[in-house]
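Some structures to go through are shown next.
Paired with subunit B in one complex and with subunit C in the other, subunit A is shared by the two complexes that follow.
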Partner chain A sequence: MIRNNDTISPYQLAMITIMTIISVEVFSLAAEAADELGTDGWLIIVILGIINIFAALVIIRLNSIFPGKTIAEYSQIIIGKVPGKVLTGLFAVYLIIVIAYVTRVFTEVVKMFLLFRTPTEVIMLSLVLVCTYTVRGGVECVARVNELVFPILFIPFFIVLIFGYPIMDFSNLLPVLQTPPEKILASIPRMIFSFGGIELALYYIGFMKEPGKAYKPLIISIIFILLFFVMITVFCIAAFGAKTVTKIIWPLAAYIRTVSLPGVFLERLDGVILSLWVLTVFTTIVSVLFIASYSISKAAGTKEQKQYVLPLVMIIYYLALQPQSLAELYEWGNLIFPYAVAAFMYVVPAALLLTAKLRKMGVKRNESD
Partner chain B sequence: MRAIKSMKAAAILLCVLLLTGCWDKIEIEDRLFVLSIGVDSVELAEKKASKDKYTLSFVSPVVDQIKEGPGPAFRTYKTVDNSIIMSLSQLLERFSKKQFFGHTRNIFFGEDVLKDEKLLKEILDGISRYHEFHNSMYAYIVPGRAEEVFKVKPMYDKLLAPYIAGIIENSDYTSKVIKLTLSDMIIMLENQKGGLVIPRINPGKEEVKISGAGVLKDYKLIGYLDDQETSVYNWLTDKAKGGDIAVEYKGISTVFRHFDFDRKIELSKVENGNIYLNYIMETEGSIEEFMIGKEILDNVLLKEISREVEKRIENEGEKLIKKFQQEFKADLIGARDYLSKYQPKLYKTIEKDYEKFFIDSIVIEVTANVSIRRVGLIK
Partner chain C sequence: MGFLSNRKSGKDKKEKEMGKLINSKNVDENKRRLKERLKDCDDIVYKEFRVGEQQDLKFLLVYADGMSSSDMLNDAVLNALMVHAREVPPEAKEPGEELYKLVRYGGLPASELADKDNLEDAVLAILIGDAVLFIDTTEKCIVIGAKGWPMRGVSEPNTEALIRGPRDGFTETFRVNTALVRRRIRDSRLKLKQLRVGKRSFTDIGVMYIEDIVSPELLEEVFRRIDTIDIDAIIESGYIEQLIEDDYMSPFPQISVTERPDEVAASLYEGRVAILVDNSPFALIVPTTLNSLFQSPEDYYDRWYVASILRFIRYMASILSMVLPAAYIAVTSFHPGILPAKLVISMAAARQGIPFPVLIEAFIMEVTFELLREAGLRLPVPIGSAIGIVGGIVIGSAAVEAGIVSPIMVIIVAITAISSFSIPNYSLAVGFRMLRFLLMIFAGTMGLYGIMLGVLLILSHLVKLKSFGIPYMSPYVSFVGSDFKDTIVRVPTFLMAKRPVLLARDKIRLKNNRNLINRLEQEEGSDDKK
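The block that comes next holds the complex of A and B.
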């Protein structure tokens, strides 16, 4: 099924996971976390990260039963041909909505901070069309783009974040752990989307030669994301205080705007960082779009995924323009994603794994070995 | 074959012509770099329409005059309108350049704006919502009208904005100047529910002086701190760094200079429904002036002088705390901050009626701990 040159290395898997999960929500994450739990906002991210490590373990376990196969293929083995195809189709629909959402948020942020007069359509299309070009190159191309962008993005990002030190007051994080546990539990479903993207490992592990090698990169990448998110939340709350953070739509953007490198030789870094941040959105869309087109090709039973990419762009473009305003966009996102992400990240892998175990499918691995 | 090739080439060239473009390009010559903004409520004589609320003044440098030119190096553009955004578009209607706020250093609020809760809330929202403003500019209150500041012709500087911003940056060396950026101001107003201490700037003819501070409560100006009180305010809120404290010792005036000033708060006890807080001030520095013919390099003497400095800090601190408790009736000295951060359980019991509790039942004591390390170059 998978051609010989269509494999990815464990390192590339980690890069794909990191770059997919980190996307538009980094800018609003601190506001959402502080809104839920005030000064304990970082706690919810730690809890979600730990939950997601277990989710990742389930996903890898499931994939190692069927080495060399993605969920689009083995779901047809586990639950039958037609239900498997339906599941794959649903997956594709969900991913397309994710891309549309990410594209729209991206456009809104860029229009707010960088390109005021550039038409929305131009910003969207130029982004999605570049992604199309990459996605048509196949899984290797997607993996390499992720691998390439990672250092370009994170090194400057970390430098700028650290230079915000003078405006931070860490006593703003006090009091620690004063939130009642039931409030923490209640906030988990609302924050799930921030880690959305791990479910793509259901596919990408299938492109690895040995699924058993996926444990290390996947867990390390989740821990990396966890630390990165905690850092952003802590820095934003320290800089503005938990009360003010909740009033800002994109606290990280506001944080970067207040940072100036010492000696005044570099001020106003927001333009630079926002243009770099375009890259994280780009990689997110690339890895999701690839899986979306791949799922459709599997559901339709075709060999290649290339031909589906361009038509998908039109659907994405149409969907992305549907919300009338930023408020409506966020409303829709909060309505759809908690359920969709929970379903595809936790319920589907767990259910499939259980069914496979009950039907004693682990035996098949010995045959293929 | 050839035809197809040339068609392809033509298509690519067409792409270059048709698909390139930049909607957001503004040439640097077309930009009007705004360095300072002044906000006033409108004067009756200037009112053009009944809706007008604000007078905004924008100061921008005149590039060819900065170095050698005989003329003034900056110009003031004044607008009268009913909101900050409308004022900005009014500038576009009246002048050829497009204003740019990336380098704005100062924002001056006239006294009238800060006396009117609604005006202030509107203007603050306008400023924090508008993406072009960077919140790192410094904020000031001007007794009288903000536009007065722009009439100052600085004696030794060509430009006004860097001159004033430079004074604010001296706050590392003198505790009598409060450094307040716009983002600090917005955060403080949010956290203190409308309470704020904002540096006051007094425009003169050829210079300005940062002197004292305005005190706001519930988004309204309720009074001023004088120079000395500003310094004490900086001590109490742990914002002071460098500075000088003058004391008398046996009829000789002497100066204690510090480069660091630390404030810690401790909860000493909770008794009969009262909360006793202890503000511990710690500082170290040198003696800068004494009297020729008298040796000061003497441990016992230095201990005594440091005791004098401590007494001064304690007295002044307690005096200002009284002022905040009884005159302003507003907790802007960090007691609430401390209680909510370090004593959350205790704070929860008094959160509801905190203001009344602060006035009646919080007893604050100041303990200073001064170490004199050096005495200068002569004994």
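The block that comes next holds the complex of A and C.
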């Protein structure tokens, strides 16, 4: 009545972006970075962050040609009805795979650190069903959950991270900048998934009243994530050393396990922090699941997205149970995501923007402004 | 024409079938009709009397005994017409319209008079507590406002006691309640729209708002929802609350209820709408947000840091009352590693020999506590304290000694209980108590992870919830800077310059006078130097 039901504010866009991008890969981020570049692991994150700022600029530019429209709507204008629907459908398939992957990784983390004997299926299904409840509330609900969860998650998390300083030895970060540039470039594909999620802005900017206001929140949130990732990588490498970090599956979890807060009677914080970490996985799944169901409803030409959520859960559940082990899971991830993320984050927006420019779309709109 | 007249007579017939009453010019006929309608209503008084030099003008006064003030009727009607009319005879040459006007405008020293020419309205007026005067030879009757039933005086509200603040509370009488609010808002823009809801009870409902502050959409929505109510009787404002609330499945109250006129007035100044219901000392305030349920009127009367600390304690209490038993269950049965080794050992030692899993143990104690609370509430005060002793000392320590529950569990339940009592809003506290059991089940099955899932479920629900179009979690989800001044921290009063942005239209409520005060001090200071 007083606030429209399907718009989000710039602040909410930033929260959605941050909370979507930061999810399970944070646990293994330091290991992967160190594995690729050793002590220079943080460098690849900085480079990826800068690349992604440009990707975000492309996305915003594309969206501002079609204010109030999501990619599911304007792709049908740019490349025609059927190809647009096919693209939207592919997008949905990609997002479903992302959810299945994230769910499975998180389930493994929970099994290792929190619930040792609980069946994988129970952990997975309970998480996805709670997400379903939220997604059925629509975009407004998704945005607000992201907004509320952000401080609940990050305030305790930063406190715990900083109190790890006694175990950190920054000489572990030396030597600096010893990696040849071609090796850095070669490592980009493997790390690309850690920033996966920016492509959701293709949709979420469409829910904003003024897409022009998307620049600030989107870029600030990418910088925030960039700094956060660098911080995690640097802390983990400083704490364990680059060689050891590569041997740990989830260095961040190991790092938190070693932290002890002075004066707080809790002895081991990994349980607490990992249960807080449910929040970020939850927000990731919620944001992605909403867009997946929205994409399917757009591809199918229906108005409501609600009814697609529960069937999607079945598919996600099935997909997530396919890998037999964690190693197989990561293998699959490394096989699919470098190409999929690159395609949907860089290639698709750039190609669409180019086509729209060549077809002189949105030019009139700009002139009338 | 024949068709038309047919239709008309048909209408008459229908009215008669439905028992509609039509006034007659004859008082006796009116009396007969009234008696027919109010058959077996022995509390209705029919006072017939004659006026005039020749005692030939027939009058009939009808009222419900006990509902109307007989002092007032004796004084304003009977005395005036029977005694004074004899001293100064009315100069009506002929009965009928002229006599009626004479009585209506000159004969009755009562402040509240109304004309009615429909017997149906007259019956309603009688049942509401007014008196109706019939005069022979005229069809009209006069309704005399003589409501005066026994009523409770204005007293301190029991459920919302404050240390500092006004001591008056609403009563069961609608008019008293509206007056208590009006006394606090002497503004012509304070509006009171009265409606009657209930096909049998004809309960008075007053919608109060300040015209230029309230948002028109909200007002429209309130009236629209009240209009949809079709019920036989409204006994208490809870009926209205449940019929117009947004989500009936939610454990959280979406309409706040208060006995305090000062709270109603403050809410009206914020741009909310109050609904007052006759026969109920509880006023409804819409829209309500979670944040507003944590506010107590005292927060604004006390100095700001006192209020802020109390707010913080209340928020903490609500979280504790919801999460504490669940956290205990999760930590003891899933993650003992979180706690220091010494504590774990002492906890394990305390649980030695207890036959139940922690979840069952917690349920036993929590249910026992709920039983005690409910029993204590229903009993008269002297016995109620006995329940406290039986519950707290006998059951608590006996249960521990018998080895049914561990002493730590008793402590947990006690802290939970105290926390849940420090939430200012009763129905909110009940909501948190219900959710506590949900979280306990989650914790018992999936540990801390389960608690987080439960919390996320609650959070998602809260985020979805709206009260009359306002997000229930605002301002936490709207991020309007000025609205944050009245959340966990209640900033100093002079800084609260704006009304809640989502609600109100006339935004500015005060001007910062701090610099004016300081300027005066500085000037005085410089005078001293001279």
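Here is the rule we use: the second predicted complex is superposed on the first by the 355 of 369 C-alpha atoms of A that agree within 3 Å, B and C clash if a C-alpha of one lies under 4 Å from a C-alpha of the other, contacts with A are read in each partner's own complex, and residues count from 1 in each chain.
Assume a contact is a pair of C-beta atoms (placed from the backbone, for glycine too) under 8 Å apart; a residue touches a chain by one contact, two chains touch by 3 or more.
These numbers come from a predicted model, not from an experiment.
When the two structures are aligned on the shared chain, A:130 is found in touch with subunit C, with no touch to subunit B.
Using the contact criterion defined above for the overlaid structures, shared-chain residue A:244 touches subunit B, although it does not reach subunit C. Of the two partners subunit B and subunit C, more subunit A residues are in touch with C. By the touch criterion defined above, A:260 lies against subunit B but remains apart from subunit C after alignment on the C-alpha atoms of chain A. Within the superposed three-chain model, A:174 lies in touch with subunit B and out of touch with subunit C [touch as defined at top].
In the superposition on chain A, A:147 makes contact with subunit C only, not with subunit B.
With both structures placed on the common chain, the touch criterion links A:278 to subunit C but leaves subunit B unconnected.
Of the two partner chains placed around the shared chain by superposition, subunit C is the only one that A:9 touches, whereas subunit B remains out of contact. Of the two partner chains, neither subunit B nor subunit C is touched by A:81. Of the two partner chains placed around the shared chain by superposition, neither subunit B nor subunit C is touched by A:183. Subunit A uses residues 114-115, 118, 122, 268 to touch subunit B in one structure and subunit C in the other.
Across the interface of their complex, subunit A is touched by residues 215, 217-218, 221, 334-335, 337-341, 343, 446-453, 456-457, 459-461, 463-464, 468-471, 473, 476-479, 502 of subunit C. Residues of subunit A touching subunit C in their complex: 1-3, 9, 11, 110, 114-115, 118, 122-123, 126-127, 130, 133-134, 137, 141, 144-145, 147-149, 265-269, 271-272, 274-276, 278-279, 282.
Per the touch definition, subunit A reaches subunit B in the complex via residues 112-119, 122, 167, 171-172, 174-175, 178, 240-241, 243-244, 247, 254, 257-258, 260, 268.
Only residues 22-24, 102, 131, 134-136, 183, 186-187, 190-191, 340-342, 344 of subunit B touch subunit A when the two sit together in their complex.
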